[in-house]
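In what follows, chain A forms one complex with chain B and a second complex with chain C.
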Partner chain A sequence: MRFPTGAATRTDLETAAERTYDAVVIGAGVSGAIMANELSTAGKTVLLIDAGPGEDLTVKGYESYLETFYRQAVKDNQSPYPRNPNAPMPRSVDIGPVAPGQPETSGYLVQPGPYITDTTYTRVLGGTTMHWEAKTPRFLPEDFEMNTKFGRGADWPIDYDELEPYYREAERELGVAADVDSQREIGLPFPDDYVFPMHGIPLSYLDQVVDTGIDGTTVELGGERLPLKVRPYPQARNGVPNPAFNDGEGYRPVGAVGTHRTDEGERCQGNNNCVPICPVQAKYHAGKTLAKALQTGRVELLTQAVASKVHIDPANGRVSGIEVKVYYDPDDPAHETGMITGHTFVLAAGAIETARLLLASDLPSTSGLVGRNLMDHAYLLNWALLPEVAGTMRGTVCTGGIVDLRGGGFRSGQAAFSVDIHNDGWGWATGAPYTDLLHLVDDHNLFGTGLRRDLATRISSQLLLAFMVEVLPTETNRVTVDPAYKDQLGNMRPVVSMTIPEYSMRGVAAARQVSKLIFQRLGAKDFTRYDPADPSYVEFDGEGYAIRGGNHLAGTHIMGTNKRNSVVDANQRSWDHENLYLVGGGSMPSIGSANVTLTLAALCYRTAKSMISELN
Partner chain B sequence: MSDTSTNNDTTAKTDDTTSTTAITTIEALHEYLGRAMQLEHATIPPYLTALYSLHPQTNSAANQVLRVVAVEEMLHLTSVANLMNAVGGQVDLTAPGFVPEFPTYLPDGEEDFQVNLACFSPATLETFLKIERPAAAPDEARRLMPARRRTDIMVTAPGDPELRYYSIGEFYAEIERGFNYLHDRHGDQLFSGDPTHQAGPEYYYSGGGELRRVVDIDSARSSIELIIGQGEGVGTGAFDAENELAHYYRFEQLKLGRYYQLGDEPHHPTGPDCEVDWSAVYPTQTNPRVGDLSGFPELQETAVSFNRFYADFLALLTKAFNGEPELLIEAVPKMFEIRNKATVLIRNPIPGSSATHSAADPTPDGPMHAAPTFEMESQ
Partner chain C sequence: MDRLKEFVAVSERLTGHRHIELMGTGSAEEYLQTLRRAVPEDLVEDLLATAHDLDGHEDAVTVELLADPRLGPVAKNIIVLWYCGTWHQLNDDWRQTYGADPVDTHVVSANAYLSGLQWTVARAHAPGGNMQGFAAWADRPAPEAEAEPERTNR
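And then the complex of A and B:
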């Protein structure tokens, strides 16, 4: 995919401030890129504003991310992306030891605690899809009706059927590889003749070992007996195109983004570090959509530009402009400030940054719900050694998992969850494989051939099960701002308060039991240990768990049926400001136990359609 | 530099059944296609050697260009296998002599160069440019020229080693004429091969060009034209109808230090800078032999093991092309293994050796590095 040369620097604040765009979009992540592409394809002029560094997406630039990643001793999910004090991002490695009663301030997010999340999002062109894992399950129909079906959480103002055609658009844009029958089996309706753009990515050998081991196993949840089976995940990464896609038109995989033609990234090579960066760009990232949007010639990109205040016309409540701080150098706070104007405005900065911007602009909305109902999946990690070498470290990070526990009557009492089988071993939990080397050298005095043999055996026998536990909207889980905490540019940092609700903790406790059962069936030795000193340690019913963040942020400008119960309507339009759209995970009233990107992309397609007819 | 415009004529003649052709029997067509597979494969070891001689994390431009060209040569090899299978021929990549002994001659219109197994360098790049050079015969009478050398020349006319084609493009044009001629004589009976032996698009894709099943005269023609187009380019432009840059021009970007962009005239790229670091290369032994490593048992064993693996790989492809196309999926991880094994050799200096390069050659001096020898046991 060709990124027009110079597109990242073609416009500047002075020039942009003189124009009035059909739409001004804040944030060049997946939501912003889709909105810009849809609007510009429909003939609208768009200014896309991004806080990240102002460089064209080139293969060389991508390779510099890779080099940074290879060099890092700790390969966390932000490790390829350089620090930028003018547009900082949360990094799990920044979280320091927390003193009781003191807020956690060493990371970008200010967290009063006691629960400290290590959740992240990425502030570079392409946003968090640069580091995402690219699993793209749809939400279940029941996820849209949590209150009606289970008396829990909130209903969406739209249902699965309403969103279904937009799911297909999102699957085309993201290039999803999956076999439709495997998705029908878990209760997802599709049109009869639908096929995904590409055939499913096959289950890894590790998946197959687990599936064979748990064959015939059932678990009881809320009085129901549910079978355990390993099923493949739909994924936004290039595999084998399905010639039957789009009524036999087929699908052409989208490869690497650059200013010249590279013919790279057309197929996944199983490099196993999808997170934090695919070495060959076979994994979808929003740069692919961004490049396409820029090719229309109607999208201008203003980079190194941090939106700092939304201005409202008091006469009619409409947004009159957005104040932007443009910096020259990530390490230098020097910047200029200007006002950007347009007919409509789209905030697509992610659930935390969009809420932060509104609250910093003193716009909590009529409902007062801006920043509230912050959701993220609560991840419970469980790790064990299999009795046999199972090929761990082969394949993409995650090819399969147990998804039959995503739905069911038990959700009236406890959270649902899905179980990811990690092909990258214990990395997320323990820092493997690097920590394994230290362990075998320091604790077992191994060297030479013995070290090589034991290291290979140990790593390729590792099994990590990551349970993605549902979290419901809770008003006290929230983003706020506080003038006492500002970044280098003087923008207020997000203050994040989160606790894991009891409903989710019941799911966590059940998840731990399920993991023990699975390990027992597999004859695997459980090495799971949750450290009470972990800032993410939570006690429940006498047991302690470390709850990792899922980077699936949602809920902060929740969608609903009126201006008192929600921030946006079903089209993601602000109830209070008729020319303002808030798009992304922040609009979601529930997140079930599915990764959120595909669903937020589908929502963007639906919103774009409504915006375009509005603009016309 | 050859005038590319004359190339138009050769490709425009696809339906001109009045053209004379040397291919008048199906057996002759089989022989030509066998040569074509040998030819497509012969470029792969030199391209891979140059590719894997680049220092890791450097020379991204050269890395991308070499990788794409090598991958497309594999597409061409598979396309020719499809052509052969379509007309009931036998595909055998394990036959004695299938892998050439390097250095070897490859035709490009002049017999002025040999192809070496060598590290990436300005000289190597010049050779690659010659291999892919757009070259059409000046006129019909000169498509077939007397061969000055009888041995080592691959694109001699089968049946008459005294003659050879002006270029690879002309050789394929002859094959296309042969298909047309035989199709006129035999009709669709020409395509008597087992269709289940065809490898379809699901087994290959890259940015440009698709693997097509060959089942009739149209699919045969389009497969041949893809091979000609991706290699030397056709017509007057650097880009083909799918906006893909021909190999010649991809290599030329490395020489000229600039990328082509759509609309550029041949030899005048105007895209972004294309940087090459000639010193970030392992100076490998040119045309290495297993025998050269006799003093270094570990290196020698690694070189032997590479060759064995490569021979097994060609055997796997042969099986895939003989009715089990799904084995091509299995071949993919083996290609990574070929890279890993080649890299082990290339990153290891040969003790006591030294490579001294002329002042004009930016390749680093120092001990020579080992490299895969691609010597097949059957030879």
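And then the complex of A and C:
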């Protein structure tokens, strides 16, 4: 995919400040890129603003991320992306030991605690998709009707059927590989003749070992017996195109983004490194959509530009402009400030940053819900050694999982969850395989062929099950700002208060029981330990669990049916500011147990359509 | 024998890998340089000599080399170098006692990371490199190459 040469530096603050664009979009992640692409394709002029470092997306630039990654001793999931004090991002390694009663402030997110999340997002061109894992399940129809069906959380103002055509658009843009029948089996309706752009990514050998081992096992949840079965995940990564896609037109996979012609559509090679960076760009990232948007010639890109304040006209509540701070060097606080104007404004900075910007601008809000109802999946990790070598450490990070517990009547009492089988072993939980090596050498004094044999077995029979547990909207889970905490440019940092609601903790407790059952069926030895000193440690019903952040941030500007119960309407338009759209995970009133990105992309397609007719 | 040859010979015994496997990583010289930067030269010499003298006495390696307060931590670090491509910082006490420079924990190079033996023994590859190709993950993993049987402490 060609990135037009010089597109990242074609405009500057002075020039941009003189123009009035049809739309000003803040954030060049997947949400912002889709909005820019749709609007510009419809003939609208767009200014796209991003806080991240501003160079053209080139293959060389991408490879420098990769080189940085290889050389990091601690490969946390932000390790390819250099530090940028002018537009900082949360990094799990920054979280320090927390003193009781003291807020956690060493990471970018200020967290009063006691629960401290290690969730992240990325502030570079392309946003968090540079770094995501690219699982792309749809939400279940029942996820849109949580209140009606289960008396829990909130209903969406739209249902599955209304979003379905936009899911298809998102699947085309992200290039999703999946077999439609495997998705129908879990209760997702599709048009009769639908096929995904690409055939499903094959299950790993490890998935197959688990599936054989749990064959015939059922679990009881809320009085219902549910079967356990390993099923493939839909994924936004290049596999084998399906010639039947789009009425027999087929699908052309999109490859690496660069300013020169590059090989189109390299297939996933099983690098097992989708997080934090795919070496061959087989995985979708928003740079692919961004390059397309820039090719229309109607999108200007202003980078190293941090939106700092939204200004409104007090007479009518409309946004009159957005103040941005443009810096020259990530390490140097020197910057220029300017005012950007347009007919409409779209905030697509991610659930936490969009809320942060609104709150820092001190705008009036009828519902008072800006920043509230922050959601993220609660991850519970469980790890064990299989009695056989199962080929762990090969393939994409995750090819299959157990998804039959995503829906059912039990959701009136406890959270649903899906279970990821990690092809990358215990890495997430323990830092394996490095820690395995240190353990065998330091604690067992192993060396030579004994070490070689034991390490081989220990690595390739690792099984990590990551349970992704649903979290419902709770008003006290929220983003706020506090002038006591600012970044290098003087922008207030997000203050994030999160607790894991009891409904979710019941799901967590059930998840732990299910993992024990699975390990038992597999004859696997359970090594799971949750450290009470872990800042993410939560006690429930006499047991303790470490709850990892899910990176699926949502709910800080939820959509609803009126200006008192929500921040935006079903088109993601702000109730209080007529020409302002807030797009992304923040609009979701619930997140079920599906990764959020495909759904937020579908929402963007729907919003773009209504914005275009509005602008016309 | 030159220093590199001695180093690789000792590494063979410590890692359980053959000369050809170690040289195949392309990282031998970098590892020796890293070692010489991090610990005094006389210690490197003693370590190589001790390991050489223990040839054929595998049972003694644990006691005389790995458990030796001066040489053990360095011998273990050589193992970690080969398996992970990472130099693991020696602790403060050890460094003060034996006069070594504080060389931080670091990945020796991108190549060192990619060629870490931990990946090959697991019939896998370093995340982010040396991939096996589309759908290879669906197959049963290849059996581990037979290691030399006499070089073991088990």
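Here is the rule we go by: the second predicted complex is superposed on the first by the 613 of 616 C-alpha atoms of A that agree within 3 Å, B and C clash if a C-alpha of one lies under 4 Å from a C-alpha of the other, contacts with A are read in each partner's own complex, and residues count from 1 in each chain.
Keep in mind that, in the parts below, a residue touches a chain if its C-beta (ideal position, glycine included) is under 8 Å from a C-beta of that chain, and two chains touch if they have at least 3 such contacts.
Note that the structure is a prediction, hence the values are computed from the model and not measured.
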Checklist line | chain C versus chain B, contacts on chain A by residue | finding: C
Next item on the list: Would you check which partner chain A:K60 touches, where first means chain B only, second means chain C only, and both and neither mean what they say?
Entry: first
Checklist line | Contacts of A:P241 with chain B and chain C, given as first, second, both or neither | finding: first
Note to self: One more residue to check, A:Q269. First (chain B), second (chain C), both or neither?
What the structure shows: both
Next item on the list: Go through the superposed model and pick first if A:T5 touches only chain B, second if only chain C, both, or neither.
Entry: first
Note to self: After the superposition on A, what does A:V441 contact: first (chain B), second (chain C), both or neither?
What the structure shows: second
Item checked: First, second, both or neither for A:P253, with chain B first and chain C second -> first
Notebook entry, point to check: Touch check for A:T556: first (chain B), second (chain C), both, or neither?
Noted result: neither
Notebook entry, point to check: Where does A:Y70 make contact in the superposed view: on chain B (first), on chain C (second), on both, or on neither?
Noted result: both
Checklist line | Contact residues common to both interfaces of chain A (with chain B and with chain C) | finding: 67, 70, 240, 267, 269
Notebook entry, point to check: Within the complex, which stretch of chain A touches chain B?
Noted result: 5, 58-60, 63, 67, 70, 199, 240-241, 243, 253, 255, 259-264, 266-267, 269
Next item on the list: Could you please specify the touching residues of chain C with respect to chain A in the complex?
Entry: 13-17, 58, 61-62, 66-67, 75-76, 79-80, 83-84, 86, 88, 104-107, 109-110, 113-114, 117-119, 121-125, 127-129, 131-141, 144, 147-149, 151-154
Note to self: So in the complex, the part of chain A that touches chain C is made up of which residues?
What the structure shows: 66-67, 69-73, 75, 201-205, 208, 239-240, 267-273, 277, 279, 389-396, 399, 423-424, 433-434, 437-438, 441-442, 445-453, 455-456, 459-460
Item checked: Residue numbers on chain B that touch chain A, as the complex places them -> 57, 60, 64, 67-68, 71, 201-202, 205-208, 243-245, 259-261, 271-272, 274, 336
